[in-house]
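Shared between the two complexes below is subunit A, which has subunit B as its partner in the first and subunit C in the second.
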Partner chain A sequence: MAFKAKMRIEGSTATVRLEGELDGRSAPELNELVVRAADQRVERLVLLLEDLSYMSSAGIRSLVFAHQKMPEETEILLVGTRPDVAETIRLTGFDRSIVMRETLEA
Partner chain B sequence: MSEKRLAGSTVAILMESDFVEPEIHYYQRRFTEEGARVEFLTRLWGQESITFHGHEYGNPFTVSGDLEAVDDDKLDGYDMFIVPSGIVSDRLRYTDDVNQLAPAVQLLRRAFERPNLLKGIICHGLWLAAPIPEVVRGRRLTCHNNLVGDARNMGAIYTDQDVVVDGDLVTGRSFNHCHEFARMMIDLVAAARAPRARQLVAAGAGAAGATMGALPEIAGNGSNGHGNGNGNGNGATAVISGLVAPPANGNGRAAAALEPVAPPRPPGYQPDFTFSDLVAGYITGYDPASDTIDLKTNEGKAIQARLTSTTSAEFLRNLGEPYVDATGHLDELLKPGGYLFAYGIYYPENGAYTFEAKRLVFLGRQADEYNFERPDWWVRQLSALAKFYRKAQFGEGAPIDYTNYRTALRLGGEKTSGLKGVQETDTISRLVYGMASAYMLTGDEDFLDVAEQGTAYLRDHMRFVDRDEDVVYWYHGIEVRDGTEHKLFTSEFGDDYDAIPMYEQIYALAGPIQLWRLTGDPKILDDAEGTLRLFRKFYHDPEQGGWYSHIDPILLSPHHESLGPNRSRKNWNSVGDHAPAYLTNLYLGTGDPRHAEMLEETFDLIVGHFPQEGSPFVQERFHADWSADRSWNWQQDRAVVGHNLKIAWNLMRMMAVRPKDRYRQLAVDIGRKMPQVGADPQRGGWYDVVEQHLQEGQEVHRFVWHDRKAWWQQEQAILAYQILAGHTGDAEFRRRARESAAFYNSFFLDHDEGGVYFNVLANGLPYLLGNERSKGSHSMSMYHGAELCFLATVYERLLLDDEPLTLHFRPNPDGFADRVLRVAPDALPPGRVRLDWVEIDGQPYQDFDATALTVKLPDSKTALRVRAHLSPIGN
Partner chain C sequence: MFACRLKVDGSGASIAGPVGDFVGALAERAGLATRPAYWLRLAADEITTNIVIHGYRGRGGVVDLEGGVEAGGVYLRIEDDAPAFDPRAYDPAPRLAVPPSVRELGGYGLMLALGKVDEFRYQYVGGRNRNTLIMRLTTSGEAHGGVDAERAGGV
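Entry: the complex of A and B
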């Protein structure tokens, strides 16, 4: 399924909805969005992943790299991560730097 | 009146309206004062000339130089290219066709294509580079405070200084700094012009391949016929004719360029004031009546030292040992052949110097005795180091908790206050290396615990398992705060910013692999194999051989433009550091021929590409095609003395794995040459970074920043000369090993706080400022000090002194897939050492191979305690 990413910035929160498969080819697209959010110096980056079926390591690398460039108090929130994707993230150790939730409200 | 340092050179300066008058007038006079021709360039819009008006006072300034008429030849003739302050750059970047770069921008881009042309951009001048950000991306620069955001948007590394130099680019903060900016430009061009004469001398004498760095080539590149520095400066040189060769006339200029000329030499100026210094030497005589000692330095020079009523003497002591006074035994100790250090004061009097010693350090009680050759010297030192770092990181006897680990340690081992702090992968890995080595020599299980928990922590917090590529890589580190962690993915060090440097990945393996040799933990081996796949897939260059030094963090490519000066580069670390950091140990532990092959590739590349004509030092940095990179960041055309020694040491280790004559030849060659160019002949010890090439008139390779001596370079010398002596039996190598170990042990051990000092001054006093005061940084940690103790024990006992060595291992129940424990502590020449006896859990054990140095482990449900006793095979 084709990758789609849409970002909305409201106040100090950037929310990105991801759909489809985030692979090596689409990772730069996410990277660009996240860099844009970092440039706006948001305090919170929310990634909505309910409709993301696959996340490649390249995708995680762009997230980790962007996180390093953000102010250290910036929070990254992953919402609705599918078990497969969560396992990929766990293997990179990035789960220790972010918060994963079932729903945005929880 | 001073020499005209820019005689014959040309400075191009861009101009437009709204220039800053004082700045432009300053350049006009300042560069001219140095003998340069100043050429102002602008876009003339088809006119003969344009008169602009200044920003502050509306002063007129007429320019007739047409920047659109600057062809390649003309551009090659410039020595400097300056984009000044004010609104000049904004006006010049105007373009009538928005799809085209403005002519001035095009010219600037062409200027950046010429590494030999020094570019200067000051204040708002940076605007001109906005349409071509690639020329500054990844480079350090400064600019007007108002443009800091623009600089960062262009991908530059903004640096908060008034003047910043990044290779061929000099930047200044604002027009208020135009004088410092101009002076830096002048200094750089003048320095680069100095080798011109020498280069031509070499060419004239028929020597091939002038080997100058990018900036030094500035002068040599010119088709503009400027002189060699004497040329236009007749008046200037005449004034100081007593100090230099007679001024050259017009014809003499060419002659001077083509014939080797004797370097001009000032008359023998000698300091006419008192100063204190260190002497290292062998005693050749002692006269109690006149209290005079005769010494011969390492290089055989005679020196006389007087004793005074306040001269004190002591014996060399190890970490953890008390001060032992020797002042009362001078008559017995001052026997010919003994080696000592004398620190004292030089008094200029009667046309010479009187040297009065104030502090003497004796290396032993007799002429041939060196305390550091006692069998347990290095083992005790390693144990003291391990206890120091154990206490500093986790407390004495307290539980080992790596959440409290901090990379930054102060002089006494304290952590900087606050909960926040950085944990670097490589400093933990290095600590693990030191602790594992300490366990192997002492069997102290507390050290093993620190190593095991550190390795588990690395796995849990620093490891990135990449399922798509089936590789493993390691974060630079993490920043911990209030129990949360912020991953630092790419390097935080200036040399490697925004990239994943090979160096850090290599050193992430150093500790775990040393621990793996003890336990055989399969989880460690899995990660090492994953990291090796990373090296093969992303760093290796299958066409031209070797490994690239950096890859970018998103695509893992060594060729990505974001890498800037690290793009498509190879260096000593990425090619050669595998061997000392982990690969030799991995091979020793596994016996796997794949690792021997990789070692062989490494050393073949080193002997094939590193030695260079015209310098006693190896070349350390390369482009993808192995052409030398002499313009990189701080390295330029410079040599790190310790890297040369490290190469000699590791080539000799390789002689015990897959020997080749050319490995030995290069190692011996480096071992013979280095003392003349990298060691201190007067005081002992080894220097840090020096210029690769002598410039005209120089007899000594210039120190790049200082003449201090770093602890890790002493280590490389000690190990290199020990192993060279162990393999060849050469007495000179043995002497060098002793002299190096004498200096290290006398001046680097911190008897007050524990640990070892990072740097000492040339005279042996500790240098304790800034980073060099710390005990835990990425280079300090517990690596080099521990590696020295570990391997000096091995070489000293097994290769030099015919002493046995007992080693400790702790194989896990699931450790070592083939249940074969390989106990060789280092790559040792075949037939020199045998395994005498083995003990498992306190009981004698028979199933071992005495010549292969292997133990066939029994199956076990618990970890075993193995002791292996090695003996040298007598000559």
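Entry: the complex of A and C
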């Protein structure tokens, strides 16, 4: 499935919807959006992952990149992460630094 | 029993596409369930990416993949001509001990590759690295759902 990433910035929140597969080919696209969000000095980065079917270590690197690119107090929220993608994040210990929720409202 | 092969040129920016397609077809042909198929593909993606970036240092080289079913399991053998490297020697513990805000960006691939396959073997044979990934099939034909990270590299 082709990768798609679409970002919307409203107030101090950047929301990025990801679709398809986040791997070595697609991760640079997400990194570009992270840089744009960081330039806007957002306080919250929300990644909507319901339609993200695959994440390799390249995707983990993007999450670490986001963590380091944003100011320390920026909240990174992952919403609707599929079980295997969530397990990938947990294996790298990155779940301790981000918030994962089933829905945006939860 | 069956076997299939793929030879890819590791000089491109990413071989994730053909490797993913190959492992997907192997998993389907072998009757591997969705979850172990996901983890086998991830492991293959990480091992081959590691070969291209660190083994061949981006200068290109051949990566051979062979997969099939034998002895109650789906196997995927990945071979390359880069300098000898046993992925089991990689210790992720120091990296995991550091908070993400100050971590290095990379270094997660091998952790993920070894974390969920049922068995991982490494041999250096005839001047080639040979990584073998195995996902077991149960007697009912369904594959195991993966194992905990602590079992990785126990071969």
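Observations, loosely collected:
By our rule, the second predicted complex is superposed on the first by the 106 of 106 C-alpha atoms of A that agree within 3 Å, B and C clash if a C-alpha of one lies under 4 Å from a C-alpha of the other, contacts with A are read in each partner's own complex, and residues count from 1 in each chain.
Assume a residue touches a chain if its C-beta (ideal position, glycine included) is under 8 Å from a C-beta of that chain, and two chains touch if they have at least 3 such contacts.
Being a predicted model, the structure only gives us computed values, none of them experimental.
In the superposed model, A:Asp84 lies in contact with subunit C only, and not with subunit B. Of the two partner chains placed by the overlay, subunit B and subunit C both lie in contact with A:Ser56. Legend: residue contacts after superposition of the two complexes on their common chain; A:Gly24 is shown touching both subunit B and subunit C. Of the two partner chains, subunit B and subunit C are each touched by A:Thr92. Once the two complexes are laid over each other on the shared chain, residue contacts for A:Val64 go to subunit B and to subunit C alike. In the superposition on chain A, the residues of subunit A touched by subunit B in one structure and by subunit C in the other are 23-24, 56-58, 61, 64-65, 67-68, 72, 88, 91-94, 96-97. By the touch criterion given at the top, residues 13-14, 16-17, 20, 35, 38-39, 41-42, 45-46, 49, 96, 99-103, 105-106, 108-109, 111-112, 115-116, 149 of subunit C touch subunit A in their complex.
By the touch criterion stated above, subunit A contacts subunit B in their complex at residues 23-24, 27-28, 31, 56-58, 61-62, 64-65, 67-68, 72, 88, 91-94, 96-97. Listed in rising order, the residues of subunit A touching subunit C in the complex are 21, 23-25, 54, 56-58, 60-61, 63-65, 67-68, 72, 84, 87-88, 91-94, 96-97. Across the complex, subunit A is touched by residues 460-469, 475, 479, 481, 484-490, 553-556 of subunit B.
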